[in-house]
Amino acid sequence: MSEPAMENILHAALLAAGEPLSVERLQSVFPDEAMPEKKAVEMALQRLQQSLEGSGVELRQVASGYRLQVPEVYAPWVARLWEEKPTRYSRAVLETLAIIAYRQPITRGEIEEIRGVALSSQIMRTLQERGWIRVAGHRDAPGRPAVFATTRDFLDYFNLSSLRDLPTLMEIAEPGPEHPELDLEVPVQGGE
Amino acid sequence: MSEPTAGELLEPEVVATVRGEPFAELPRDLYIPPDALEVFLETFEGPLDLLLYLIRRQNLDILDIPIAEITRQYMAYVDLMKDLRLELAAEYLVMAAMLAEIKSRMLLPRPPSADEDEEHDPRAELVRRLREYEQFKEAGSDLDNLPRVARDIFPASAAAPSLRPATRAPQVDLAELLAAFAEVLERAQMFSHHQIQREALSVRERMSETLTRLDGERFLALTDLLRAEEGRAGVVVTFLAILELLKASLVELVQAEPFAPLYLRSGALMSEGEGVVV
Amino acid sequence: MSEPAMENILHAALLAAGEPLSVERLQSVFPDEAMPEKKAVEMALQRLQQSLEGSGVELRQVASGYRLQVPEVYAPWVARLWEEKPTRYSRAVLETLAIIAYRQPITRGEIEEIRGVALSSQIMRTLQERGWIRVAGHRDAPGRPAVFATTRDFLDYFNLSSLRDLPTLMEIAEPGPEHPELDLEVPVQGGE
């Protein structure tokens, strides 16, 4: 029997994995002596994407690689498979997460300063348990406070391939002197 | 969607977007039924959030806050919280003190010849913080609107075929092999005094080859092992290999009668074998 | 936007579930007022099956319902996703291999003598499974011990056309030219 097309092999691997796979990982499903170039894998992924168009699944690049996923339009149907409603997060959690995402690396004290309230350790624990944030280091300041950053899982979870894909921060009404420009690398266009 | 539990972390975002919600139509005199008020007040994420709400509700310009009026309203809410014995975070009181201070500084006559008056607006720092907070409040809700795994998008998976466990064999390079050999020899020299000499690998190879051929054919004429195309060097190598094999008792040479052809046979057969051993 | 085709919805639901779904369960992803008949679901599943033909996934009916699965032909590739990281051979393995390569044909006892330690059968098995050594014969000595030699695969792996191409010890003794001269042509003295 002849060998299946590369895009079919990738399709099979991605579905069997059920999680994002990096190009390196996709290359490694081929035997050493027949390992395709990165470029060839990327081209096969492109063919796969095209072949999936208009079906119940799409290929998407997220932070930790490529993932086959059921697109948003199917959510109303798919959600009915499960009794449980998806978790909702409190405003406190979302605001804290947003501050960390846009201002990372950032200390707990700095988060509190922006929000104007003490940060409950419950919130930080929730975010860490979800694997969305991690301690990225310690600031060289009295007490050596931990600085927090978001993880690749965070990006994967929110369907983003990099921090650059985050929605741009709301424009400040007037060019205030305080925050001339916000610090997202290239806040070109948000979301999809 | 009603009645979020106080302080619960994963509570629904119920009344959070206060603007436009029923609560936004609070009577100016601040009277609301205590139950509703409790829910209302607990939706604030802190003094900045409350202040922002007061400003936005009245469509006030954040850059030009009527500080006296806002302070009065803010204090009224804080008092209400106290009356309701809501757990009042210390930050609310700190903010109250800050507002009072700004108010009093606004009342002081400003030195007319001061440098840029803008910079000395006592409200500046408060405005900066309010705007920054508002940005992230918005960002938090933007984040919530992003398509999210398990809510809007679902990782696709299918049953994997039955898998034989695969293990990838370790990789070795030639230099490693040589280094290992060198080390062994070095060690061996420490144990024994006999000098291990540099080997003629071609002889070793021919030894292995010969054994392999014998494995299949049991007997081989000596002449079959010699290949003319290898020339003299080849013949020498083969002879040396055979001598080595003989010495190691891996093969024997047999001859049916004097001057008959010499045959090589595998050592494995020797116990059953007969014939003249040369 | 118009509603997606029923087979696409079923495709999405099966992929999101990642496990077999009964026809009832598949019906339940539709809102009550638009729930299709069993028959209609089955026909849509048939259409789905056809559309998946020749791709990296297939629809199968199993005891508890329908499930999407990666066809068996893809097993060799998919299996590599989970294979263990290649480890390294222990020094004992490398030394044994080196001794066999340079001193073949050689018995186990001789290897032990050179290394000065007993040889675990695990080591010999490792090398035999890898296809690098084989039993080349038996020595006519008490116990008729097997003698070992390297294989053609061994040469292929190390990209050698013959044992003669193995580097000599001289090459590590003095960092001279890469392959000074190998000792075939005039094999003056062999053996120990």
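In order of appearance the chains are A, B and C, and numbering begins at 1 in each one.
Just so we're on the same page, a residue touches a chain if its C-beta (ideal position, glycine included) is under 8 Å from a C-beta of that chain, and two chains touch if they have at least 3 such contacts.
Here the structure is a predicted model, which means the values were calculated and not measured.
> Among all chains, whose Cα centre is located farthest from the one for subunit C?
A
> Hey, which chain is the most central one here, using CA centres?
B
> If you average the Cα atoms of subunit B and of subunit C to get two centres, how far apart are those centres in Å?
Those two chain centres are 25 Å apart.
> In angstrom, rounded to a whole number, how far apart do the mean CA points of subunit A and subunit B lie?
13
> Centroid from C-alpha atoms only, then distance subunit A to subunit C, rounded to Å. What do you get?
Distance between chain centres: 32 Å.
> For subunit C, what residues touch not just one other chain but two or more?
Residue numbers touching two or more other chains: 12, 15-16, 18, 57, 68, 70-71, 73-74, 78, 80.
> In subunit B, which residues are in touch with two or more of the other chains?
Residues 154-161, 168 of subunit B touch two or more partner chains.
> Across the complex, what residues on subunit B touch subunit A?
Counting only subunit B, the residues touching subunit A are 8-13, 16, 43, 45-49, 62-63, 89-91, 95, 127-129, 131-144, 146-161, 168.
> Can you list the subunit A residues touching subunit C in their complex?
1, 4, 7-13, 15-18, 21, 25, 28-31, 51, 54-57, 68, 70-71, 73-74, 77-78, 80-81
> Per the contact definition, I'd like the list of subunit A residues that touch subunit B in the complex.
Touching subunit B from subunit A are residues 14-19, 32, 57, 67-72, 74-75, 78-79, 86-99, 101-102, 114-118, 120, 122-123, 126, 156-160, 166-167, 169-170, 172-174, 176, 178-179, 182, 190-192.
> What residues on subunit B touch subunit C, complex-wise?
The touching residues are 154-185, 187-188, 191, 194, 196-205, 207-208, 211-212, 214-215, 233, 236-237, 240-241, 244-245, 247-252, 266-268, 270-271.
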